[in-house]
Structure formats: structure tokens, C-alpha cells
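First chain A sits with chain B, and in the next complex the same chain sits with chain C.
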Partner chain A sequence: MRAILRIAARIGRRAGPPNFPYPKRPGENLTISPSSIVEKAADATARATPVSVARRVRGLSDRAIAWLFIAPAITLLLAINIFPLLWAVYLSFTNYRANRPNAPVQGVGLGNYQRVLNDPDIWQAMQTTAHFVFWTIVLQTVIGFTLAYLIDRKFRGHAFWTTIILIPMMLSPAVVGNFWRFLYEPQIGLFAYAVSMVSGIPTSDIQMLGNVSLAPWAIIIVDTWMWTPYVMLICLAGLRSIPDYIYEAAEVDRASPWRQFWSITVPMALPFIMLAVLFRGIENFKMFDMVTLLTGGGPGSVTEVASITLKRAAFESWATGRASAFAIILFVAVFGLANIYVKALNKVKQR
Partner chain B sequence: MSAANSAHSVVEPSLSSKRIAGTIVVIYALITLIPLVWIFLTSIKSPPDSISYPPKIVFTPSLEGYCNLFTTRTRQTPDYIASLPAPVGACDEVTRRRNMVIAGPSNFVPRFVNSLVIAFGSTFLAVFLGTLAAYGFSRFKVPLADDLLFFILSTRMMPPIAVAIPIYLMYRELGLSDTALGMILLYTAVNVSLAVWLLKGFIDEIPREYEEAAMIDGYTRLQAFRKVVLPQATTGIAATAIFCLIFAWNEYAFAALLTSGEAQTAPPFIPTIIGEGGQDWPAVAAGTTIFLIPILVFTILLRKQLLRGITFGAVRK
Partner chain C sequence: MQKTSKALLGLATAFVMSSALPNLAKADELTLCWAAWDPANALVELSKDFTAKTGTQMKFEFVPWTSYADRFLNELNSHGKLCDLIIGDSQWIGGSAENGHYVKLNDFFDKEGIKMDDFVPATVVGYSEWPKNTPNYWALPAMGDVVGWTYRKDWFEKPELQKEFKAKYGRDLAAPKTYDELKQIAEFFQKREIDGKTVYGASIYTERGSEGITMGVTNVLYDWGFQYENPKKPYDMEGFVNSADAVKGLEFYKSLYDCCTPPGSSNVYMVESADAFKSGQVAMQMNFAFTWPGLYKDEKVGGDRIGFFPNPAEKAHFAQLGGQGISVVSYSDKRDAALQYIKWFAQPDVQAKWWELGGFSCLNSVVNAPGFAKSQPYAQAFLDSMAIVKDFWAEPSYASLLQAMQKRVHNYVVAGNGTAKEALDGLVKDWSDVFKDDGKI
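Coming up: the complex of A and B.
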């Protein structure tokens, strides 16, 4: 019995209250465990520095210091993120072309947006992106969660192997994606060689980057190789946040392991899985570097994800106005989808 | 009651399930390492070995990849090469065996230095600004704090190419195109959001009582920040710095669009290393190996803080 308590205490210490990075609005309960509500309340009372202390503080007022500290970061973000974004909004209503800076700029109203939304190539790119985002998320969630579940068995050396598994996600997607081109070579590449050894298909038929039906999977495989550890790490935190007494209670009630898995493990880890899916979804919606270096959007345009179409419109066709309109549409789409998703995430957490 | 070895212990998985889990995880880990091992092996292969079929696992190591990475070479007639004085160093020798002579250094070192300057410069600025802002958000009642924090986070959601269009125009006007300063400012802006979110979490964990005690002892707020909070936050600041460094080091989209020569970093440069008749894979692998090693070291140093860093502080272990 003491051993159980000891392990429970150890795990309990490891799993702090999760804290999600979204603004808390009144009436919305964003906390996962009841204990963190208490902490929030304690935190709120602690926030106000006691008057007796404040009176004795010399130097700048707290208000002045607060703005002095926050202003530089906000200014930089305004200058390098928000100002350009507003500029892009302005450009999206004009026919400006960056390669002809001296040509007269005319307003075209909503013309650019109309053209973008009626462009079949752009819808094709959105479909390619959706295919890529969907399958990378499915594969990474399934493999990542399975790995986390297995690592949570705490076999000997699990910490070491977890670190090893994490390595790919820290590397540069561009530099590593570039090298995957070599691994995918049909004749000399290791990937084709290994697949043909296992399956018996001749290596010349495994044209991962040249075949129209294989290329979309080539980018999915590399992304899954790189980012499964990311999902795994977040799922692992989720599994470790489940207190042992719940499993103990289930055991007392003679719930089968299968039942325990589906009615304790999965629902309690779900907010974490959903958070991982959110981060991966946003990242892969923006995907540019790895795909550019691996396939450049080809063969033809079967792997041309939205960011590559955008780059071509902006920096190859120099249709700056139209590209800006597309950029704004993409940004609104990510932002809108992320917001809807966060609402769903909060609902799950409230349960 | 000793529950440690009991088969019915809930919290402690059975020995056989541990063994199966361990085996599967180790197999997965080894498979995911193959591409990385292959990068290293390719870097020490000679060009003919690197493109042999079937792929060679046993081969004589060669320095040619590293030589080709650091030099540019020109083809010469055997007669001319025979007339040259004896080769100096291993690279000279390897090059001459391929009927070539070293013409000069390649662009790899300057590009690598650019990467270092831009990554460290932007990390320093982002962590500096981020620490100040995080302290502000953590300790003071800032009006609309939640909205400001969400705004800071949302700047990360923009596709880089969407930001790159106006940045490209803005930098062209300001003369910041293809300069290290321009890239440092850009990466600082991208990283500041991560730095604020992570550091706010770390500073929130430092009890306010420490500063209050210091202030009662006569410190001003700024002194208390410098002498009490900063030393307490060292681990958090170091972890944040490494995350910023890794982002700036790995970044490709902005670097490829906004730099072309002078300020080009290593990620857009490495894929352009070509030899005769296509990509010089041993040289590319050599560049990739040198480029990846610092990240490998950092990943191992960071492993305890990794979860926090990749989720913007949303999940803490």
C-alpha cells in the first residue's frame, strides 16, 4: 500500500495544473482541475500588493514601470507584425505590383478577393493543404498517443528513449526536408531501397517525389516523422496528469482494462490531445519550408500547399495586390478556425 | 502489504507489459534515427559511394564531403595538375585525385556566421524585451492584459509568407533588405511572443513575497526586479533563450525570401550546394551535419523544459 502511495505522490508532483494560453473571460471556466480554481483565487488576492508595502516603495510608480516594461515588446510587435498586416490589408484592395514600384497604384475595391475566391488553382491548393493537414494530424495523433501510452508504462530507460524520439522535431524542417530528397531518390535513396526490400516492389517503381499519387504521401511521411514526437510529448503530459486514485477506484469497481482505457484514459487526456491537434493544425496550415525543399509543389502542382501558391503569386508573378488578398483570406481562415476550435476545447475541458 | 510486485497494482504496470512497451518504443526510436544516421554516414562518404546502388552501409570513410563543403574547385587537365607542387593537406590531395584544384573558400563559413549572428542577436533582444514584458504582465494590473497577451500570441498564427509580402516592401523602403539587422529585428518580433508567454509562466511561479520583502527592506521596484526576480528566473530565461535560438537557427521562409547574398543564413544556403552534375550529396550532408549538431546538444540540455516550450507554456510538467 505504501508503494502505491509513493508512486501516486511522485506522479502527482510531476503533473501540475495545466494552464491554457487563452484569454479568460468572465463566466468561462477554463480550468481543468478544481484545485487550480483555488489557486487562481489565491493568485488574484496575491496580485494586489498590500497598501502598506506600496506606500513604502520609492522610485517610479508601479503604473509607470508596468508600461515601461511592456511598451518595448508591444512597439516591436506593432512595427514588425501589425503595421505590415495593415499594409497588406491596404494592398489587397489595390493593383500594386512590387516589381513595378513606380507604376500608378489604383484601388480595385474587392476585385482581388473576388478573383482569389473564384480561382480554381487556389481552391486546388486549399484542397491539397486540407489533405496534408488532415492526414498528418491523423497519423501523428494515432502514433503519438500510442507512443505516449507505451512510454507511460515506465519501462526501464524510458526517459532516455523519450529524449531520442524527440530529436527530429527540433531540427530545421528546411535543412532536413532537403536531405529527405536524397533518401527518396528511387535508385540510390535509402527509403526506396528499404521499402523495396520489405515489399519486393522494384526500386524504380518507388518514385516518391516523381509520382503524382505518391508525392502527397511523401510530404506527409516526412512531416509525420518530424512532428509525431511533438504530439507524443503533449499526450504524455496528459496521461501523467491523470491521478492514480481514479484507476484505483475503477479497479475496485472491477472495470476491465479496455473499459478503463476508454472511459478514463482517453477522456481525461482528450484536452491535451486536442491542444496538440490545434498546434499541429495551425503549423501545418502554414506549411512552407519542408514542402518547398522536398517537392517545390510538384510534380505538376499536386503538393502545392497554400503557402507555396501564395509565394508564387507574391514573389514570382509579383501580383502583390492579389497575393495580399489571398494572405488575408488565409489569416482570417486560420484565426477563425482556431477560435472555433478553442471554443470546442473549452467545452471538453468543462466536462 | 507490499504492492510493488503485486499483479493487481494499478499504478505500476506489470513486468511483461513494460517489456513489450519498451521494445516497441525502442524500435520506433531506432527507426526515426535512421535518416539522421544516414545524414552523418553520407557526409563521410566519397561522392561515388554516396550514389551507389544498393546504398552502401560499409565503405571507406572519406573527407571529400567536408572538403567540398568548405571549398570551391575548378577542373584542370592532368598535365596541369602534375605540374603543380606537392599537395598541401588532405583536402588538396582528395581534390586533385578528381582532376580538380581548390579555387578558394566556399560561401559556407560566411553563411554559417550569418546564422550565428542573426540567431544570437535576435535571441538576446527577444529574451530581453520578453523578460521585461513578462514581468510587467505577471506583477502589475495591466488594463486589457488578457487581450494584449492573446494579441501577442495571435501574431504567431500568421503564415510567414503573408507577413513576408509587406515586410519585403517595408525593408526595401528602409534599406533593410538582405541585412543582418533586418533579419534580427524580424526574428526578434516573431520570438518575442514566445518569450513573453514562456517567461510570464516562469515569473508567475516566483513568489511575490520575495520582492515585497526586498522592497520593505528599502529596495526600489527596479532593484527588486534586478536583484531578486532575475536571479530566481535564470532557469526559465535560459530555457526561453534556447527556444528562441532554435527557432531563429532553423527558420527558412523569411530567410529565403528576404535575404539573397550578404545576410543569407545557412538553411537557404545548404540546399544550393551543388557539385558537377547535380547536388553534391556528401557536401550537403556535411553541411547538414555541422548545422544540426548544435541543435542536438540543445535538445538534450532542454529535455526537461521541452514540453513547456513547444506549447507556449500551456502545458507544464
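Coming up: the complex of A and C.
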């Protein structure tokens, strides 16, 4: 989360004023400005403050007051974000187990890291995660951008279709996981029925979740179904931010639509697409709920993504030390990759 | 700004109130934690008597099976005060005893004259004792449960099917006594048209996420000669877990999964298995006995249409134990009231009513009563099954042991990777690693 915030802050800094995709509607300024209420409140508070307190506050520098104001936020951040992170780093060097409070905690040096990195199951889980992240991003970006491009044509009813397309994204992953289980069900599932109608394979042979080679794709399909709208939304914002005059200039230069697409649309929407890829990448790297509900990591372990392995180590086996080491490794990996990616993203934006 | 600060104030108040509320709960109110399933509803019904007698209100916290262990082990490990009483799964007993989650009940039993000899021996070992087979009690056997089978009596009794079966196999179509018979019957029904519907042979456990496939596989493997360890040398598993007999048993389980389960059976546990039976898809169903009262009452498949039989025998005759004991959580502030509940629950007439309502009593005087075997159509199968139970590891590290087994057997049975021998060899290695970590070997 912190990583995302930092990244978002950086992007915000470099990007300057946001390119708001929709024109402001008249009437938006009619609402009563909240600042007058705030001023009144501040005034009232100031009058109510005892003189002695007021004098003391007046003696403080601006900087000190600024610190005073952000202190609660900093304290909270330290307590629920930084402290657990440091604590997890500490635990990763010990044999601590959260379900054995009476056992002595001993330092094991780099033992946990060694064990995690030498564990073939964990490498298997990382590969599964990589496969999942890669293909969901590819599919969601391609389909999401295509949809955004089509919606951006502003045909009649495009707003209606945008709303329809956005529906899957608004569902909870738990709901999606559960009902796709029913959709994939070979005897009563609509998915199997539809595939069977097209391909002629009997429905009982279409076992998306029970088949070793199909199950990884089954979870990719569900994630793509759910999150393509999100990518589409970001891409749409990107497309809407491209000023019309550039296209007009291109028309004057007699650039073909094909050329316009590759020389104007794609490069100018690229920062947005990259941002969507970043968000989806981070999200899917820690994918847990949906996959757990769909397959529980099965069949065998072919859909056991890293966060399922991590959860099982941490909260079923209670190997807290080892799980912390694994979590730190994942954190460093995501953080490092995201940082490199943001550097690239900023380069693209500066072009 | 004002609005925001008001909202913040409201949120803060709500937060303080909600965290303070459990402490405000009246002393004469007990919270009992269990899984969300049929017997829990029966217990709610039964507990009304307790409230009527003592004036203590009962609150219940029921969690679905798939997140039951996650939820409550977390609660216990964090020394939470949510549960005063807990009906914890049989495998938790080792960890809960060693880490002090449960109150030791020996003194209380002695004081109140509750004798463990009055309960079915297998349930005392399974649900109450840690270390196993020593007189250290951490729970009162509450809900007896065991894996057994149900079958479609109405299909088995169809004359044309009986005739065809007899012609094919040379014996009557009846509840199987051996695994070969079971498989033959399953094959006989697989993809058969009955009343215009395609039906399948049997529904068996294959769930990956929690403990499903392990419960199913061990239930069958015991009979084929699988043992957890060398009876003469604890934690010596080579040649017992992966003995030639155990390998054959695992191969059998896979062959049953491949030949005779309904399509889409790759992630089946109690609920899914019962559903397959209820919807009229399967001729036979493997499931815990707690599902039987509900299935017997079912309008479509219950009554005369359902029959029950204990696990078939092979080289040996065992069945996977389920069920739980009821314990007092040591972090509770209302220990005495909670103990009173257990005292009340242990009474013979309460136990008799427990059985009537659909709970499975473990009290000898209930299950050995003259009319018991005939009291319900499933009573005999339950009695026969309870006589042959065996349970999974109950070590403090049971969850790691369980995870390893889930992974290894699902990988072989459902995913079809490797051989049965490789799966069980791998299991010996995983289990040895867990015990090495624990310093036991």
C-alpha cells in the first residue's frame, strides 16, 4: 500500500494538473462553497480558545504547528504500517511460531530465507503467480484498451454500455469466485454449456477447475472478466485526455487513421495504460480470495499462487518466522519491480 | 470540514463502543463457538433448556467449515475472549492443550462425578485426551462423528437393476462389504439412465483447500493397511505411511475418482457430497454421519429411498473419525459458568435429548440403550462405524501435517501427477521434516 501511495504521489508530482477527462458541467459551481463554513468554524474556535492557550500556540513556529498537525497521522502510520513491517523483518530471522507462545524464540540468522529460496514448492508457486500475472495483464490490457477505444467513439448509448461493462468490477471477489464456480460446473454451468454448444464437446468433459492444464486458465478468465473494466476505465481517461486539435493537425497532414492510432493515440495514452498495468500487476501479485474460492490452489498445486502458499505457511502451519521471510522476499520483489517500472513510466511521461 | 470531524468523532465513538461492548456483556451470558452446520442448530435448540434452568443466556458463534479452523485457531492463538466455550476440532487438542488454550478438566470431572468411562472409548481418546491414551482430559466428548456411506435404497431395490446386476456380477445388489464390491456397484451405476436422468456411481471427498481429500483418503487407506507410524517406534513412518498396502489403497482411491464420480468432482467436501446425493446424481455417497439426519429427512432422497452403511473392509476395518469435544477456553472471564454448561451437558437425559434432536451423543448410556440401534434408521450404521474409528494426527503441528497430505494426495488423485508410491514417499519426507522441526525426531 505504501508503495502504491509513493508511486501515486510521484506520478502526481510529475504529471502536473490532472487531465480531467470530462468537461465541467454548468451548475457545478452553484453549490455553497464549504470554505465559508470552515472559516466561520475556525473563527468561532479561535474566539473560544482561552487566552493562555492561544498565547502558547502563537509562540510556536509554523513548522512546529505543522508537525503537531501531522503527528497523529504519522503515529498511526508508524503503529499500523511501519512497526509491523519492521517486526516482520525481525521475525523473519527467528524461529518464532505464533501458536507456540511458550516456546523460546531463537535467532536462526538467514536460515528462513535460505529455506524459502531453496523450497521447490515456493518456486512452483512463484511460477504459478508469474503465469497468472502475465496473462491477466496481457489479456486485460488488450481487451480493456480495445473496449475503451470503442467506447471512446461516442456512439449512441455509449454511457449505458460503459455502465454495463463496469458491473463485474463492482462485485466482491468472494462473490465472483463463488458464482464462477457454478458457471464452470460441468453439469449445470453456463460456461460448460456455452463451450459445448460452440465446440460440440459434451459438457461433462469440460472440467475447467478439475483439469490440470485448464485450471490456470480458468482463474485467468475469471480475473480478466472481473478487472478488464477497470483497465478500460483508466484507458478511457487516457483517450479522453488527448486533445482533439492533435488529431485535427494530423488530418491536415493527411495521416491515415492507422498512422494516427500508432503515432498519436497509443503514445499519448501510454502513461495511462502503464499505470493500469502497474495497478493490476500489484493487485494480481497478491491475488488470494478469488483463487481460493475457485480452486483452493488445486488440482494438486497448479493454481496455488504465492499468497496462498504464504497464507498457509503463516496462518495454518503457523510457521511465522519462515512466513515472514517469504513475505519480506515478496515485498522486496514487488517494491523493486514497481520502482523500476515507475522510473520507466516517468520516462514515458516526459517524452 | 465540520462534517468530516463529526463523522470522525462518530466513527471513533462507534469504535470505542464496539470494542468496549464485549466487556459489558453480562456475566450470565455465555458464548459458544462451533462450526455452522446441522448439529449446531440442534445444539441451539438443546441449550434452551440450559437457559431455562440456570437463567444464563447462550450466544452462539458459528463459522462455516471451510474457515472454521482459520477463524477459531486465530482466536485462540491471539488469546481472544470471544468464546467462553468452544467445540474445537479433534485435531486441535494437542496444540490447544500444550499452549494452554483449553482449561484442563480433570479436577472438574472428579469434583462433579463426571466419569470418562461413561463415554464411548474412541471418542474419549479422539476428542478429550492429550497426550493420547493418558488420563489428561481437555474436553468432554460432545459430537460423535465418523465417515460412512449412504446409498440410494430405491435404486438398489429396482427389480430390473437387481436382475442385471446379478447377471453381471453373480451376487445381489446390496450395500457393499468390501471395496471391490463398492467399486463394482459404482461402475454399475456410472452414467446409467435412471428415471430419465443420467446418474453416477459415488461421490467421494476431493477438496483441496482445507482437509477434505485427506479425510476421504485416510478413510479408505486405513482399511488397506496404511498406518501413521511404526506402532513400536513413534514417528517412524518409512514403510508404514508408504507401505505397499497403503500404495494400493491410494491407487484404489484414484481409480474410484476416475471411474465413478460425477463430472466436476475435483473439489468436493461435506456440503458438495451431500448436494450430489440430494440432487439425485449419485448411487452412493461418502460423508460424515452428521449429514445423515438431514438426508433422511430430505423429501426427494430421504425416508425409504436412503440407506446407510459403514465403511467397507479390506485388509483391516477402520473409519475416519470426525466429531469434536467441548472445551472451556482458558482466556474466558466466565470459566465457572462455562463449566456449569459442561456439567449440564454431560447429564444422561440431556445427552438423550441431544441424540433426539439430531446431535450424535457419545455417552454410553445413550448409544448402548436397548432401543438405540432401532431409534433411527442410521443408528446402526453409526454404531458400527464408531466402533472402528481412527483419527488423523492430533499433534500440535497437525496443520502442517495436514497441508502436506492435502498437497500430495490431491496432486496424485485429482491432478493425476506421478504415482501413488511417489505421493506417499513424498508424504513421508514432508512429515519427517515437520517432526524434525518440532524436535521429535
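Before moving on, here are some points about what is shown:
As a working rule, the second predicted complex is superposed on the first by the 283 of 351 C-alpha atoms of A that agree within 3 Å, B and C clash if a C-alpha of one lies under 4 Å from a C-alpha of the other, contacts with A are read in each partner's own complex, and residues count from 1 in each chain.
FYI, a residue touches a chain if its C-beta (ideal position, glycine included) is under 8 Å from a C-beta of that chain, and two chains touch if they have at least 3 such contacts.
Owing to the predicted nature of the structure, the values given are computational and were not obtained by experimental measurement.
In the superposition on chain A, A:343 contacts neither chain B nor chain C. Residue contacts after overlaying the shared chain place A:319 against chain C, while chain B stays out of touching range. In the superposition on chain A, contact of A:299 is made with chain C only, not with chain B. In the superposed model, A:187 lies in contact with both chain B and chain C.
When the two structures are aligned on the shared chain, A:259 is found in touch with neither chain B nor chain C.
When the shared chain is aligned, chain B comes close enough to touch A:76, but chain C does not. Counting the residues of chain A that each partner touches, chain B and chain C differ, and the larger count belongs to B.
Residue contacts after overlaying the shared chain place A:151 against chain B, while chain C stays out of touching range. Across the superposed pair, chain B and chain C both touch chain A at residues 98, 101, 187, 189, 203, 292, 315.
The touching residues of chain A, counted against chain C in their complex, run 34, 37-38, 41, 98-102, 121, 184-187, 189, 203-205, 207, 209-212, 292, 295-302, 312, 315-319. Within the complex formed with chain A, the residues of chain B that make contact are 1-4, 8-13, 17-19, 21-22, 24-26, 28-29, 32-36, 38-39, 42, 50-55, 129-130, 132-133, 135-137, 139-142, 146-155, 157-170, 172, 185-186, 188-189, 192-193, 196-197, 201, 204, 208, 212, 215-216, 220-222, 246, 249-253, 256-257, 266-268, 270-271, 279, 281, 284-285, 288, 291-292, 295-296, 298-300, 303, 306-307, 310-317.
Touching chain A in their complex are the following residues of chain C: 1-2, 69-70, 73-74, 77, 95, 98-100, 207-210, 262-267, 281, 396-397, 399-400, 402-403, 407, 410-412, 414-417, 437.
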